[in-house]
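This report refers to the structure that appears directly beneath it.
Letters A, B, C and D name the chains as they come in the text, with residue numbers starting at 1 for each one.
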Amino acid sequence: MEYQEIIQRRTARELRPHTLVNLGIGLPTGVAHYVKHEDGVLFQSENGIIGMGGRPPAGAENPYLTDAGGNCVTAVPGAMSLDSALSFGLIRRHVDTCVLGGLEVDETGRLANWMVPGKIVPGMGGAMDLVANAKRIIVAMQHIAKGQPKIVPKCTLPLTADRRIDLIVTDLAVIEPTEEGLVLREYAPGISVEDIIDKTSARLIIPDVVTEMPIAAK
Amino acid sequence: MEYQEIIQRRTARELRPHTLVNLGIGLPTGVAHYVKHEDGVLFQSENGIIGMGGRPPAGAENPYLTDAGGNCVTAVPGAMSLDSALSFGLIRRHVDTCVLGGLEVDETGRLANWMVPGKIVPGMGGAMDLVANAKRIIVAMQHIAKGQPKIVPKCTLPLTADRRIDLIVTDLAVIEPTEEGLVLREYAPGISVEDIIDKTSARLIIPDVVTEMPIAAK
Amino acid sequence: MKNPITPAEAVAQIPDGASLMIGGFMGCGTPYTLIEALVTAGKKNLTIISNDNDRVNQGIGRLIREGCVSHVITSHIGLNPETQKGMIDGTIKVDLVPQGTLAEQIRAAGYGLGGVLTKTGLGTVAAKAGETVHLNGEDWIYMPPLKADFALIHAAQADYTGNLTYQLTAQNFNPLMALAADQVICEALEFMPVGTISPDLVRTPGVVVDILVPAQGNRPIKPN
Amino acid sequence: MKNPITPAEAVAQIPDGASLMIGGFMGCGTPYTLIEALVTAGKKNLTIISNDNDRVNQGIGRLIREGCVSHVITSHIGLNPETQKGMIDGTIKVDLVPQGTLAEQIRAAGYGLGGVLTKTGLGTVAAKAGETVHLNGEDWIYMPPLKADFALIHAAQADYTGNLTYQLTAQNFNPLMALAADQVICEALEFMPVGTISPDLVRTPGVVVDILVPAQGNRPIKPN
């Protein structure tokens, strides 16, 4: 299984039926592939739709229906269009779960994911609104980037929000930031707890029970 | 001519073509009767419509289309419905002229029109938003109520806004509040300047030229 | 899917003493069906947040007449002398708020914002209800967000996920209140299959609507 | 009535150095026709307020490529490396604002409100752009209203009084910007007789729209 699929399959299990979910651009977008229609999860895209569906078939693209990356998408039955003010009203108060990528998460559960000073200045887009306000934040990312651990003692990059995020899902582990620190909850199939500790520069709390990630289809 | 018609006819001449106008409940509502359709004046009703028309014929009333008093109205071609937030967004920034009734207007041009403490406590409704924010405020009212002048040296009733209103149109006169004070601009047909001074407890500035109110159809 | 339930079942969830936002503007877009159910259930000590108090014994005026209400937050009670009398007698606490400010206070709560900054009311008694702050070189009245335990709203159409449409002037406070309460109860005149309302016509997303009730109409209900 | 004029006539009214709000979100609901007219007219030194900077040499990216822009206020430039390069080189001043805050700043200007109070950005570098205030017992970032000399927007339909409709995700910032600029120039894909758009579908009232222009489409225009 590719690392993306591990992360996406595991993250999909965190989405609660009949709630509003915002998926970040890139890897998080793919989480939708592993959510069953009958669970009634509604995907919001901050550019202005609740009930975003997948890509349209070739020839059926409409330039008035896109995702936050500007790519053509579809709408599920029961969709609704929004202006940017209402879209972010929902983000600040009504979005249940937001899944985003990360550059760094630290021992306090703080996330940095929007810039590398002097190098990459994409801007925060909707990320600061989402991370500061959504009820539940899941960071879905590779455990290691270019050989460097992304789960670190303290973020060195500018924070996205001064808020403890709720869950980290990587290709190696599921880690829950708590008041006491980062608690290892699950390991990916074939990965040992020692591997994870080795590839994490932050201190991890290892509870008595750490289970294997459930990543088969539900 | 009834006193209402004098006030309404004269006020109608103040409305600028192709602008948004809000008419208060009661006497100001009747101003619309004297505005020609081709002037393109658009009436906003703060309960949620731009392009409010007159009363519907009997049997054609729809409970979903009302004025701010809850009475059934019609919509002109090119009308638009609004929620209360947008309605007041337009009032604070985009309404050109607002016509309201008054209990008192004073020498500084301040208006009191929303309560008589201990006696009448209707609430301000949309009046405070309108008077504080609309570009141009016209007070359309009887010159005298129950024998008492309503244009007074200083308001004794709670103010609607701390803002100098732009014009007073009564059944006797047209008076313009200015930085120097209340300037008499026009007298109603058959009314002398002395009559007006006599029925106004505020000091009036009488310029060299005071003209007769033009209240014939335009 | 949210299967519509009866008005009585819907209001059974509302305890005495609850705060209720009620949509509508002088009876237009008012949830008459839910209001009558509140009266029938004999609710007491309610706080009502609404644009107005309608007319005597009509719409929200029914709740005043039947003694269900101890506190009102509203912009206008001019056409309901019973509320005015309650205010003067001290039997009903009445907070009068400028209408545009009330709309923005409700919106601020629903949109997760810190409140309203407005010129409306500066230099008047209305300023005493808020705090005057100096920001961006100017004075503003600050009023905090306004939320409620329940919102009772009226929609023209609902689909079975709770997506709502409103018609003409029946919109008013309804879509704002639908975002600002812990529980949202909506009566709808018409129910539509999911997917048959254009996404561009929906004004309130179904995810914020908790309970659907069939409306008995969109006109005042005569008391028995 | 507002008779549609040509894109060239419309942008002739915009001086060099003007501030422009431009609707659209990563090219969806973007006024491509008006943008190309700005390029053709060789405008300089513009301040652009927009959600993003689109892609290189596309939509708003055309203005960046052609050197029309000296200042950008936006939430995201991640897909336009030319703007990022301009920011790092100092040839373009770039103010990055959280997207929801940007939307509310524009709305506040258009709605006559004093600004935005939000939790977004507290404890981050974004807080430095605003002022942290303590109101209603909590900390908020205050950001002032944001207005512009001109708004350039894209609508699906316009009637000849300027009433506008948008479709699906092409709404985004367009209706907010239409209220927040001194002059509003709208390109529309389709023109409708007055009275043929339902009052419930209109999202921007014609009274705020100054100039109408026929849109050449709703897809990126290839540079010559």
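Quick note on the criterion: contacts are C-beta pairs under 8 Å (C-beta built on N, C-alpha and C of every residue); 3 or more make two chains touch, one makes a residue touch a chain.
Small disclaimer: the values here were computed from a predicted structure and weren't measured.
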Centroid-based (C-alpha) most distant chain relative to chain A: B
A-D against A-C, pair bridged by the larger set of C-beta contacts: A-D
Where chain B and chain C are represented by their mean Cα positions, the distance between them in whole Å: 29
Rounded Å distance, chain A centre to chain C centre (Cα mean): 36
Distance between the centres, which are taken as Cα means, of chain D and chain C, whole angstrom: 33
Overlap residues in chain D, where contacts from two or more other chains coincide: 104, 107, 112-113, 118-119, 166-168, 199-200
For chain A, residues that touch 2 or more chains besides their own: 49, 75, 81-82, 85, 88, 91-92, 133
Interchain contacts (touch definition) - all pairs: A-C, A-D, B-C, B-D, C-D
Residue ranges of chain A touching chain D (in the complex, touch as defined): 45-49, 62-66, 68-70, 75, 81-85, 87-88, 91-92, 118, 120-129, 132-133, 158-162
For the chain C and chain D complex, residues of the former touching the latter: 104, 108, 112-119, 131, 133, 135-136, 138, 140, 142, 144-145, 165-168, 199-201
Residues of chain A defined as touching chain C within the complex: 18-20, 42, 49-51, 75, 77-82, 85-86, 88-94, 133
Contact footprint of chain B on chain C as seen in their complex: 25-29, 51-52, 54-55, 74-79, 84, 87-88, 94, 96, 98-101, 103-104, 107, 118-126, 156, 166-176, 203, 218-219
Sites on chain D touched by chain B in the complex: 107, 110-113, 159, 161, 163, 179, 194-195, 199-200, 202, 205-208
